[in-house]
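Letters A, B, C and D mark the chains in the order given here, with residues in each chain numbered from 1 onward.
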């Protein structure tokens, strides 16, 4: 895929490329800088939620963690990106208002989700938690969002849940972030309302073949987060 | 997908089964969801190993990336033989279906063979001998020739009339291959993943203890295929690190009759590999069936 | 090269020998010509394996690149123990010198130990047990515990008073490790290269049949070090795919006391690896000696 | 190393980078596009003779054969290059005229060698053999050189040896090319005069550590071409 545009948003990097087919909010792509014949190392592609999509251009927002993301951060011309994968958020248009909760890079799928909710006329509020102000910079892309930082350097001092003044008033909660945060959201929301969580597991294939990306489910056993998820109904998860 | 010339070029025979191409998926590396992408690419389909009862598999993390490879510890997650057979028609792409089975005792292997023996949809069975054997203190069925003979001998009786493949690990592969041939295997799949471990230096803990696969192990698998095909008279099915069209050629030159595509399918379209292999055959003016052992 | 703090941070003890750093070169991967670049980096020096008589080695091609690794078949080219000892002073960098030896029969190992026993310049001997054993039909000295015990027992008697290391291959490593400890080895080097083969698909011929090394084998070596260090009570010296500072940490976490730097030194300065390791220790607020087995 | 300049010369690629220290004609460098932390695959660096050096800039001329050279061919900004390695040509200033013979990419060390011979006042002629006219394009960089092509598409129809009208008149022969060509040169020259051959073996380390790059020698056994060579006195080699 030709990279059309590259932008730094605080601690994150945004890559845009041309993509016209449909993308569901919460779906992800497997991406990497280059594969065969260039290299077999790093070997696997990395999963990234779609950050945004406007019928012509898709974008990925990412944080540099290890080698795979460092190379993506250096990429100038082209990257290898799959088609949209996985099951995204299932939106019940009749349920509102909705709360969108993002923890750290978990902010990624909330932009495209917010766009979809706007299109469907579902009113919603966005709450974002970050480590510090550097990462919180991306909140500017979410007008009206409430922000919390762990070090108190921007917004409220605390986690994303601390930024939600009145969780009870929402009929649907959509969250993405590190698994411990998602577990906290699940506990806080209870089973009153729709609660959908986009989980983060290591992925091998992204298409259901390797069984590497599983999450434990309530009924026992494991399901693959790349095909059954990455967005799960909170009640389905064992944690 | 293929024209007539390519059909002639790629066709191969394995234990009397006509395959349109010499590529098959390695067990455990291709789900039903991914079948759409491989129509016309694989000469046969080989789903993930099935055990007698459902297995939940291991808790995550199950995979870790390594230099030019990955380590996995899936723990044979599968729905059990009964549910597997109920869903078997989903794997029907118009090519032969091979079924991989594993148990943790000889009688489990036998019970699995019993379930499959009468099923017309199945063209051959692959015995995954890399699982821990509860009767031998947790060593795998590949631990030594005696253990290999025991399980294959029993399965041979329980699964008559159709080809039985034995999938061997790298450790002791030549001795096990000879034992497998003698006890009635019709073909040998060589090799499975190589025991390995990854550690996360930041959290200072074991990440995944499991099996190494991918390009990294190709030279080890190539050696095993080369040595085994010179030690036995039955066909060898290569598995281990196959990643490009010339890799397919290398494994066939080393002595393989067909070649399994495993981990690489997570990052490359198997169709690309077949295309590269076909280009190689064009360049060399040869066909797949002429290549085996043509070193 | 190192300040006082780093000296404390990196110092390690191996079988009573004080080493300034936990890195040593893997046998056969560092020549005299390259010594200049490694002063201050290695805690000890370990030259290429020496045999009783000069060996010309194998005809080229001797090496082939593989995914994240290489296969070599050098054939133990070396000038023989006599010439080796004449030139030993060239290896004097002010750090302990370990000497690697190999023979093709037990008495050759013993003869080698006899030559080294009185030599003050040598701090320890590493027995390279991966060579073919002529008395056992060409199987290596690592073929099984009996063979391991025989050679180590004999060498232990011939090389009294100073540490004796046994270098083991991956196949059967835990059983061999236990046998080596029981027969008197003071430390175990784990692992050597993994048997492998490369084929040139264009010329349709075998390129190199030899041993695989480099980053590709790291997860296999890590597993061996982890398992061996849990099976024995003597120190483990890691070898296999170490390529970065965090790799050094991973091997020590897995249970290694010191870590050998092999193939990677062909493409990276060993000093870089030590620097990264030191940075890791800084980041974690720990020292090399605390790291061993701290999983 | 920053690539200063990249040029296509027929079928070959020329890379220039800044290098001020001494380089002996016939020495080589180990080069590759990137190593750790970018990638461990391809793993090894590749050996390349220095093509030229003018006290500020060194250059490498190469042919794309496999993956390593393909990646170098794509490199835009930086490559990893070692310092000069190996033993180059040993020039006896009192012996002239000299014949420089290059076969294919074996042309590489002849430019820097010719420059040195000029500086030393040793008169010499250059003879170059190529597969076809596309590769022969580099001959323009050697004014006055005689050229042969195997397909006859440029210069004389034949090998580089066919391009030498009178081998007997030279007191020194310096040659680089595929090993079979070098063996033919050795046979043709005999032991009358100085004959030095730059051999091509697969290399692992380039610094004498791996014993991977050996050539068989007359006295039996093998020597490492990266430290004892790559330039050998012809009489020393077993072929």
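One rule holds for everything that comes next: a contact is a pair of C-beta atoms (placed from the backbone, for glycine too) under 8 Å apart; a residue touches a chain by one contact, two chains touch by 3 or more.
For clarity, every value in this text was computed on a predicted model and none was experimentally measured.
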item	value
Of C-D and B-D, whichever chain pair has more C-beta contact pairs	C-D
Subunit C and subunit D, separation of their C-alpha mean positions in angstrom	36
For subunit A paired with subunit D, centre-to-centre distance based on mean C-alpha positions, whole Å	54
Distance between chain centroids, defined by C-alpha means - subunit B, subunit D (Å)	46
Residues of subunit C touching at least two other chains	66-69, 214-216, 243
Touching two or more other chains - residues of subunit D	37, 40-42
Chain contact graph, described as a line, ring, star, complete graph or other shape	complete
Residues on subunit C engaged by subunit A in the complex (per definition of touch)	67-68, 215
Subunit C-facing residues of subunit B, complex	66-69, 71, 171-172, 194-199, 201, 204-206, 209, 212, 214-220, 222-223, 226, 241, 243, 246, 249-250, 253-254, 280, 284, 294-295
Footprint of subunit A on subunit D - complex, ascending	37-42, 67, 70-71
Subunit B-touching residues of subunit A, taken from the complex the two chains share	32, 35-37, 40-45, 201-216, 220-222, 227
Residue ranges of subunit C in contact with subunit D within the complex	28-34, 48, 54, 56-57, 59-70, 72, 74, 77, 214-216, 243-244, 263, 265-268
